[in-house]
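For reference, chains read A, B, C and D in written order, and residue numbers begin at 1 within each chain.
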Amino acid sequence: MSVRLCGIELAHPVLNGSGTFDAIAARRAFGDELLAQFPFSAFVSKTITPEPRAGNPPPRLWETPSGLINSIGLPNRGLESFLESDLPQLAELGVPLIVSVMGTSHAEFARLVTGVAAREEVSALELNVSCPNVESGLIVGESPGETCSLLEAVRPLTPKPLIVKLTPNVSPAPVAVAAAEGGADAVSLINTLRATATDPGGGRPWLGGGRGGLSGAAVRPIALLQVREVAAAVTVPVIGMGGVSTGAHAGDLIEAGATAVAVGTESFRDPMAGRRVASELERELRRLSSV
Amino acid sequence: MRSAATPGLGARVTASLGRRACEVTRNVQAGGYRIFSALDRDGPEPAAGQFYMLATEAGWSAEEGRPYLARAFSVADCEPGPEGVRLDFLVHAVGPATRRLCALGEGERLWLHGPLGRPFAPPAELAPVTAGAILVGGGIGIAPLALWRRRLAGAGIPSRVLLGFRDSERSGGLDLFRCSEIKLASEDGHRGHHGHVTDLLEVMLEGDDAGSAAVYACGPPAMLEAVRLLCREHGVACELALEAPMACGFGACFGCAVPLAGGGYMRLCVDGPVVGGEEIETALVPGGGGH
Amino acid sequence: MSVRLCGIELAHPVLNGSGTFDAIAARRAFGDELLAQFPFSAFVSKTITPEPRAGNPPPRLWETPSGLINSIGLPNRGLESFLESDLPQLAELGVPLIVSVMGTSHAEFARLVTGVAAREEVSALELNVSCPNVESGLIVGESPGETCSLLEAVRPLTPKPLIVKLTPNVSPAPVAVAAAEGGADAVSLINTLRATATDPGGGRPWLGGGRGGLSGAAVRPIALLQVREVAAAVTVPVIGMGGVSTGAHAGDLIEAGATAVAVGTESFRDPMAGRRVASELERELRRLSSV
Amino acid sequence: MRSAATPGLGARVTASLGRRACEVTRNVQAGGYRIFSALDRDGPEPAAGQFYMLATEAGWSAEEGRPYLARAFSVADCEPGPEGVRLDFLVHAVGPATRRLCALGEGERLWLHGPLGRPFAPPAELAPVTAGAILVGGGIGIAPLALWRRRLAGAGIPSRVLLGFRDSERSGGLDLFRCSEIKLASEDGHRGHHGHVTDLLEVMLEGDDAGSAAVYACGPPAMLEAVRLLCREHGVACELALEAPMACGFGACFGCAVPLAGGGYMRLCVDGPVVGGEEIETALVPGGGGH
């Protein structure tokens, strides 16, 4: 079941989705037993930004039919503090580390990529591009041109693999192609779908941030199509995610062309979901290869 | 941080790794609430104030795809036995998850992970010269206080209990305090003081020895905020058990944000649910404690 | 509860989504009682095309968590036959008729608009633009420019209201603005989200058409945000839809700025859903206005 | 179209408008299947071959948001009484909907709309000089034949019944035929002819009077296709009760497409589920009758 992803050897194809597993907090809650049975074959950090962010005001969560809207707002301690305090702790996990970063300009992305890539604990970087470029006003990940030019700006800064996390709010194939042309080593998808909810007690928006992103089982059929179309459009490896809760779902994404898959929301329901999905996937792939 | 005076009392218990299926051994009516028990064969005995994430094995998501996520519940009581730890929960049916849990049959299975979060700290840690504890609870919120009272009594620490209820429907949690001396308040005057439980607390705090007591409160947000302000006014240390919407319970989702007194947010699942009155900006957590 | 939509008087704000209710077939199944209690305040036809279409090969349906993927492929008898046989029967419904049309070029759309608008039974037309323009290769409804130029081509052909049905697969606000600039009298959204499914028996795509569109409760939170954003961007009326199954959902869309709402997938589960939603909505709007 | 010879026999019964909640009065094991009854207080007596769309009132969608849609089930038997019509269904637990239905408790409520679709036509309409009916059923598919046999007997029309089962688990439907003379086949040889039920049909069709009989078949797709080809070969008229995925059951969704002999598709819910053997291209409907 081991796979190579951009030259990184993974024991199995199941990663976590960025922002859906805090390995440091989980170790605090579950103890060192977590390290012995770490659910993912590589760990993807929550997205970090150059400066610390408090995140959005609560409420930040809203449960929907078979899904979850989150409006977390990327709370994080900022680049310096991440490198200083978090990275050494994450290195103890014993799996390859992929650090997710997000800036609002080429300069911010450059600072993040340079700072993170310099650390030997880091195996690869994921660029979270679901944010506006303050210079152009466009959401980088919704525009092939913005995505390509971002890649051209940061690609020269490191030889380490750069993964671009695609947004599902536009057809992702053209953006994936642009990312690959700009030098991305892999793409991952889907991020969450833009969504909102109303306070049941009255007409106001429920979420402190006004709106958020939908994830979980509800979005699985959307993710499957987007992964299939992106995998058909690019030659770089694809990390598929969106509503994976069983090995069969992971198998569907791999059939659709993904090299690896990630588990997000399902880890909330089952902290060891990644491990379960990996072992179910192993059985599933055996079954499919015998069909 | 935790004192060694009463060994183990109030120390955070680390959760067993991952979720496990536990058998429901009892489910009884308690006023307008239900108290049900599950046998946790593999988990440790929780500390008072800690909580578990619960979901039923079958029929979760039975109302148009909801409940989708597991839900947080405080342990109301627990008892180690030869086969495992019996965990008691007090539940009020307010939405899809609590309706499903209230309908649990004996022998049905429950998914559970925990115990999670920061428990109550012993009075000696909160008040240097302690005259004991004052426990203030309201409605469904009295669950964690029931276990805390038992633990304090076990450690020989005196506690006084003040409980308030809106009406007799909502006084079902009293069953958990069967053999203790309690001062009651009810908003409809059906029992005890006709008014709020905080009226009782105010009288008590104006008494002689209260300055050296530690107050522990759990209940509706408005009650907690009143307790917090009363304690601040009287210079009395207090701990509050708060609620916030939680998707994971172990620090993974950053959804359970509670505003800190100094700005920014804490994750209630890992830095709470028990918090010091001075730590937070308000106990009126947006989106929390909807009922 | 009566509303005016582009000058059309409606008894209540609840329509059907195009392609989710065949009034002629329903009358055959349920008899004339259907006319006496017709669930919608106006009837939107299934999308018709210039020539007859057989639709996609089966399977055409796939149930997803709280949702449905359809890959129907617009089977219809074509313009002539629709005007000759269907329209007179639809006129017997006794509610305003809105005819949905789709072409793959300006010329096809022009033929449809001219033919349909000429009939006095028709109150308004809905342009289904979720299809490629064979001349440009672009999906009309994914491009503000294509949408505006289509409207400019067909707007002069009729004074009857033209409604543009927006696709949720791109951010719809810019397209809505373009439609209004081109002369659309209203916009409706959301159509289905592109999605797919794998045959559980082996890795092949399940749907005969390869992929399809996701609708139902799963997409509700996506629809709500898109309706809110479109309503904020345009001054023409908005018809909101996507996962509506209760009056509360309809009320959320109206709070978000919709003038009317449509029920789609829920009519499959409950043939009289439109009527139920309308009466629940009436209560809901009373409740909200008293909050 | 329907003959007046046997009044009402085989005439399509119009459904009561909308869905209604019916009480479950019985639910018993029948081999590997369940037979349950619901009391329809407001509906007409269905014709044999017609079906109902069913969903449970509580706990639908209990498996990760599925079942989401109602499901189609043939009436296996029915009996008018003073309080309404008792409807019997034979169900095989193969997925989320059928698992939930099999677990129905007495007194629980079921959402139902129907009766829907085209029923079996009397032999005299299919074969000019009729020697009676031959009923051929397999597995779970024998449900509609049970009611049809009773109706034929009531009208004094002779029928011969051939039933086939894979094994004894799957012969639970036999309970519906308790007092009739039946020829059996089983694939595992546990009962009757060791082989397929179509072997029995073949022998019968080669007999003397068969040319003037009418064949009615219901069962797995492969069996139906074999029956269809056998009947064609022998010049014998036949009607087949088919299955296809259905979202609505009343012609609204166009999901239940079955390929027609002359090209194009029919909607099985309104133009079937009983179809003439010559009408369709194949009984191997893609996506239909998965079990």
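For this structure, a couple of remarks:
Here is the rule we use: a residue touches a chain if its C-beta (ideal position, glycine included) is under 8 Å from a C-beta of that chain, and two chains touch if they have at least 3 such contacts.
Just so it is clear, the model here is predicted, and its values are computed rather than measured.
Relative to subunit B, the most remote chain by averaged C-alpha coordinates is D.
Inter-chain spacing, taken between the CA centroids of subunit A and subunit C, is 34 Å.
Rounded to whole angstrom, the centroid-to-centroid distance between subunit A and subunit D, based on C-alpha atoms, equals 49 Å.
Among the residues of subunit C, those in touch with two or more other chains are 62, 64-67, 217-218.
Across the assembly, subunit B contributes 61, 64-65, 68 as residues in contact with two or more other chains. Viewed as a network of touching protein chains, the structure reduces to a complete graph with every chain in contact with every other. Within the complex formed with subunit B, the residues of subunit C that make contact are 65-66, 217-218, 245. Residues 19-22, 24-26, 28-31, 33-34, 37, 46, 54-68, 70, 72, 75, 206, 208, 216-218, 265, 267-272 of subunit C are the ones touching subunit D in the complex.
Interface of subunit B with subunit A (complex): residues 14-19, 55, 61, 64-70, 111, 113, 116, 244-259, 263-265, 267, 270, 285-288. The touching residues of subunit B, counted against subunit C in their complex, run 61, 64-65.
Every residue of subunit A that touches subunit C in the complex is listed here, in rising order: 62, 64-67, 69, 142, 169-171, 193-198, 200-203, 211, 214, 217-222, 224-226, 228, 243, 248, 251-252, 255-256, 288, 291.
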